[in-house]
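Heads up, there are several structures right after this.
Below are two complexes that have chain A in common, paired first with chain B and then with chain C.
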Partner chain A sequence: MPVETWLIFIVGFMLIGSIAALEMKDLLSAIIAVGIVGLGVSMAFLLLQAPDLAIVQFLFEIFSVVIIVRAFLKKDYHSEGEGQRNRLLGGITVLTLIAVFLLSIRLFKALPPFGKPLMTTARYYLENCASQTHAANIVSSIVLDYRGYDTLGEVTVLFTAILGALTIIRLKSKRKTEGEGQS
Partner chain B sequence: MTLYLMCFALLLIGIYGIIVKRDLVKIIIASGIMGYASNLLLILFAYRKGGIYPILEKGKDMTGRVMVDPLPQALVLTSIVIELGITAMLIALAIRIFEKYKTFDITKIRRLKG
Partner chain C sequence: MKQQPGLTLIAKTVTRISVWLIVLYGFYIIFHGHLTPGGGFAGGVVIALAFLNVMLAYGHETVTRWLNISFMHDLEPSAGALFLTMGILGIALGGGFLANVVHRGTLFNVFSSGNILVLNIIIGVKVAMGLFVVVWSLAIFRFFEGGDK
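Here is the complex of A and B:
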């Protein structure tokens, strides 16, 4: 079978998994269904000839499922009630999104077809990477050499996000210990 | 083009989840689905028919072999790592909100001050 058929199969599986993840009442089932979506992305990366990305996506998926399960499983969980307003909002949103989908068909027709990318910047990288950077992996040579400032910005964003998360969690425990000390 | 449209539908499902769902955990999951869809869409743009992975191998003749576009792969590598940080931060915020209000339902979280 050609690659495209496999990819259509995997993306269709991911569509089913994402709808299941959003509509399931049980929290653990929803988290595991979103894990299916992430692993499907990882397999699609393997088929699209991106092995580095497949490894990173696989690790990301395992980590995020473990973190979400660890964070939310112990909390007692109330399922949302079906309100009249919520159903109206859902209907309007679905109609709008279907309209956006139908309007976007022309946009995707204007793009170059699947399997024939433009490759204007990438051709320079592919031709000159070996002589200029002496790196065997072209993706890592782009990340660390040609676009080093980009990676610096990425590290800054990641550092800020982790710092923010740690600060939010620390704030809680500090106030709790103070409250216990007073009472 | 079918693949592009299916991937775009995945993105729209994520947007639907963020707008309609009232549960904070579901909103975090929906934002993760949006991230997957946009990453996959970028890599789908980069695929070249018959191309191989962009890694040079020693002693292997590369003339005549086409490679896939390495630039979106480098950008998506950045994006995946940032997504992990953002997910961790959203989860930390959700845990804090749960400890303060004892609920994940966003319609019941009204006192958004202090």
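Here is the complex of A and C:
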């Protein structure tokens, strides 16, 4: 089978997973269903021959599922009542989505064919990577050598995200201990 | 027998053996980032998952007693500072920011490709320590959260 068929199969699987995550009443099942989507993305990367991305996506998906389960399992988010559905707003949303899809058909036709990108910078990297950086893995040589600034930005983003998460967690736990001290 | 924190004895024994293999795999991914798929980010996440494995099996109190958390917390921003230092070293030794300063060996050797290996190790340390600290503080946070139940 060609790659596209497998991709369509995986995308269909991801769609089922995301719909299941929205519709499930049990929180743990919904979290697992969200995990299906991430693993499907990882499989798609693997089929498109991007093993670096596939490894990172796979690991981060497992990591995030574990964190979400640990963080939310004990809490009472199960008892979420039936939300009132506005028929008019739902109809408007569906109509807008259909209109956007119909209008974007011409856009999809204008795209270059699959596997033939417009940018030809990649060819320069392919030809000169081994002789210039002496690294066998082209992705690594691009990320850490040609595009070093980008990786510095990623490191900064990670640092800032961890700083923010730690600040919020520390604030919440401090408030909890103070509340326990007063009561 | 007194009830220990964490999972059962079987899970603890399996974790004690398997966690070193996971850490070894993480080091392999980091050190071969310029030869095979992977790199600093993926290897760092593998090592953080190994810590997470230990924490799930043994409970966070044991981990807090065993590991020097504040040292690991300090390791993360210092790795970030080391990344910047490597960049500024490129300016100092001629060339631009993040220019290559380490000798590039021969292709397909483990110790080759100059800066890339060093930066991979730095990023691996940073990602592993950062994610571990986040998971550890989430566990502590749940500890406070479960207090009033």
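Note that the second predicted complex is superposed on the first by the 162 of 183 C-alpha atoms of A that agree within 3 Å, B and C clash if a C-alpha of one lies under 4 Å from a C-alpha of the other, contacts with A are read in each partner's own complex, and residues count from 1 in each chain.
Criterion: a contact is a pair of C-beta atoms (placed from the backbone, for glycine too) under 8 Å apart; a residue touches a chain by one contact, two chains touch by 3 or more.
Only a predicted model underlies this, so the values are computations on that prediction, with no experimental measurement involved.
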| item | value |
| --- | --- |
| Chain C versus chain B on the shared chain A, clash or fit after superposition | fit |
| Touched partner set for A:Ile67, first chain B, second chain C, both or neither | both |
| Contacts of A:His134 with chain B and chain C, given as first, second, both or neither | second |
| Touched partner set for A:Met1, first chain B, second chain C, both or neither | neither |
| Which of chain B and chain C A:Thr156 touches, first, second, both or neither | second |
| Contacts of A:Ile169 with chain B and chain C, given as first, second, both or neither | both |
| Residue contacts with chain A in the superposition, chain B compared against chain C | B |
| Chain B versus chain C as contact partner of A:Leu103, first or second or both or neither | neither |
| Contacts of A:Asp145 with chain B and chain C, given as first, second, both or neither | second |
| Which of chain B and chain C A:Val56 touches, first, second, both or neither | both |
| Least Cα gap, in Å, left between chain B and chain C after the two complexes are fitted on chain A | 6 |
| Chain B and chain C contact sites that coincide on chain A, given as residue numbers | 51-52, 56, 60, 63, 67, 71, 130, 136-137, 139, 143, 151, 158, 162, 165-166, 169, 172 |
| Chain A - residues contacting chain C, complex | 51-52, 54-56, 59-60, 62-63, 66-67, 70-71, 74, 130, 133-137, 139-141, 143-145, 148-149, 151-152, 155-156, 158-159, 162, 165-166, 169-170, 172-173, 176-177, 180 |
| Chain B-facing residues of chain A, complex | 3-4, 7-8, 11-12, 14-15, 18-19, 21-22, 27, 30-31, 34, 37-38, 41, 44-45, 48-53, 56-57, 60, 63-64, 67-68, 71-72, 75, 77-78, 80, 83, 86, 89-90, 93-94, 97, 100-101, 104-105, 108-109, 111, 113-117, 119, 121-122, 125-126, 129-130, 136-139, 142-143, 147, 150-151, 154, 157-158, 161-162, 164-166, 168-169, 171-172 |
| Footprint of chain A on chain B - complex, ascending | 1-10, 12-17, 19-23, 25-26, 28-30, 32-33, 36, 39-40, 43-49, 51-58, 67-71, 73-78, 80-89, 91-96, 98-99, 103-105, 107 |
| For the chain C and chain A complex, residues of the former touching the latter | 29, 33-39, 41-42, 45-46, 48-49, 52, 56, 76-77, 80, 83-84, 87, 97-98, 100, 104-108, 112-116, 119-120, 123, 126-127, 130-131, 133-135, 137-142, 144-148 |
